[in-house]
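Labels run A, B and C following the written order; every chain starts at residue 1.
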């Protein structure tokens, strides 16, 4: 359940590395119990932000608050936050069980309690059969689960995940995405997740924070910002988008119409309303649908997605149209207009 | 000059101790084709590629390039070049020297080298990058330089080992189309290794699906998607809903299939009554109605939606708790949350395959299907 | 390519064997003649006997010098390990001005000729009031043995997944808990193998010891003195013993570093 209570609050964070501004004034509130994803290309600052929350990086200015408390003087090992690293960082000299019980041993928890908690977590992550194996003898997916189990046993308020599925095969990755989502829902722990894969972000998150060049482009529920991107960057990063200018509506300079390819309708005969002539340059079969690339008379390119049952061929002359309700007018500079 | 580049793999075999990594593989690649080796980790696809390149030895079999066996040649003498996952650019040389390296080794004249490098950079859209050093470039740029370096000597065959894996997802998706364009433009035979089926579908003329060292199925993307021969292929390529069932009586032009979740219709297969089968139906082929549909007994309610951008999927939970996915482009025509729906489809879209597990279940009497609903 | 033996592999193998023989035949001869029944080195040997080993065991000066060597090697190795491990860890975790310079400086004792090191240390110790003797030798050995331990530990640390230290802290471990529970177990083999190597180097060491020892003898120096008067078979016996022990230490050290 996502409560209105704010669990983690980043306020006016600034950070530079070697005279390069990596985080440029970011403020963000994370709600308790939500699955929040920091999404953006390499170098956008998402991992740095994560490391400010777990304490391995300090902001140049601004504050990090967890449960309302400023973390400025709290070292990583004292924060009620745990991290799943991209490389898993399992202790190679310890077995799965020993890896998972590590934090409890360091905190000197009594032996019986350790066994109880560890067994519960191993069961939850389906690792009981591997309890006595060393990490080198596990598959990528299994190692991933150990990394999660090791953090969960600490019962953190917040779990940070830094591109944890990057090293896995596509099939396994999709499976693990569902598992993570189910786990998060069941535990009620706040998850803060970092990824550069927009499809992954859309699949698992309650809310997505789109980052670019050290600042926030847009925050919102996945499908919401997908259908209503506030800027050209978000429209292009979160999936594909067509951008149409002036000739479709009376737009002043600096505004474009953004339309998702699945809403671009192709007709053989001129339809009523919007009707832009174009020629098909490429058709790619993708199983679920087909992807059609087109070029307008003025040379501008467009992309449409259509059912595989439609017959489209390279060289076909068609009319492009759409329902205006499905398009957004976007300011090139970033503010959404309508 | 005739463009060459046909590769034949004949009865290739390789084991590491007990591990039969490549298991009597036979396959042909025509010149100018884009072929993908697709499969999960450990299926043998990378080993196969390395054998063609000459970095791995064979335990048995032959590899022929344009009819001539190349297995006795060391890597540098085969006219095949490789693009690796991690670019492997020479860090101490700039872009120009990196690309020119292979040409210099062949003792090509300096003006010819300049021309060739310029052309290669144009093809990968990196004109003007000659003086840059690898440390000054992004991952995507470095990968393009690696590709330029591989194509500049006009090899007949290019081997690519998951070259886009290290890139950001967005860049990766853009590069797929770009790579395919380059391949078609130059007419080079590409052999491409990947574990991403969408990537394989977008780029390839033919896909070879590998598992445990042997070929599960090979064919054009449409063929593999529409007519998978095994449950592995139907599950690996694209999303699907899978049912374990038993063949029942005919109904009209189709045949009834009984399963734990209910029963439905399918056509286009040749299994006998009471045989155990595995049925796969793609989420975008599943239709729904508020009323009962003759021949189909699968109903439940919509529990939630999965948004992955252009595709929206409704998850329908059937009476027995089993979930079925229904996908639509842009979410058009999907039922509403909590709506009770009856699922059906055109029987020709159900892919029916033999279910090996079914035999065991039958023998032990483990599975009980409802006789009539 | 199908596996095939080339002519060049055969030639390389023969050359390799010849080189090994060239290096080891002298040592093999020494070991052989440790069992010589005669006092004079006839060729071929005319009889085998253990008497030289017995004579060696009865030689008080020799045994005392062996004791000195063992004590020096033991303590120096210990000191070198403590300083080498902490130094290596410090270099791994922290960035400080002059770090890359220090990285090269640490290797110096391995590169400089022993005599130079010996003279330099002697001059320095005399200047600060450390007299020749046991303490000086131990200090001197410890100094150059750090060069054996630190680089090995540092390089082993770099092979580890750097994130495990952060992971340990993330899970609540203090710095010292992190060091003892996470870092140390993973560099164990590097420490043991460099310790064994250090011990061997200390046992065999002559030039630095010669300048710093003053009046007592270490084993190699004692043997050296004995050979001044000609190679007695007793020397063969003690040499064989040293050879076997050194070989064992290096083999174990090698095996351990391979396990990583």
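Keep this in mind: a contact is a pair of C-beta atoms (placed from the backbone, for glycine too) under 8 Å apart; a residue touches a chain by one contact, two chains touch by 3 or more.
Just so you know, these numbers come straight off a predicted model, no measurement behind them.
Chemist: Just the chain pair, please, that has the highest number of C-beta contacts.
Modeler: A-B
Chemist: Sort the other chains by how far their Cα centres are from that of chain A and give me the top one.
Modeler: Farthest chain from chain A, going by C-alpha centroids: C.
Chemist: Return the distance between the CA-based centres of chain A and chain B, expressed in whole Å.
Modeler: Centre-to-centre distance between chain A and chain B: 24 Å.
Chemist: Rounded to a whole Å, what is the gap between the Cα centroids of chain B and chain C?
Modeler: 56
Chemist: Sort out for me which residues of chain A touch chain C in the complex.
Modeler: Answer in residue numbers: 54, 56, 75-78, 81-83, 85-87, 89-93, 102-103, 106-107, 150-151, 154.
Chemist: Taking the complex as given, what residues does chain B use to touch chain A?
Modeler: Going through chain B, the ones touching chain A are 40-41, 138-139, 168-171, 195-198, 201-202, 221-222, 225, 236-239, 282-284, 306-312, 327, 329-330.
Chemist: How about chain C: which of its residues touch chain A in the complex?
Modeler: Against chain A, chain C makes touches at 160-161, 163-164, 166-174, 177, 181-182, 185-186.
Chemist: State the interface residues of chain A toward chain B in the complex, per the touch definition above.
Modeler: 41-42, 139-140, 169-172, 196-200, 202-203, 222-223, 226, 237-240, 260-263, 284-289, 291, 305-307, 326
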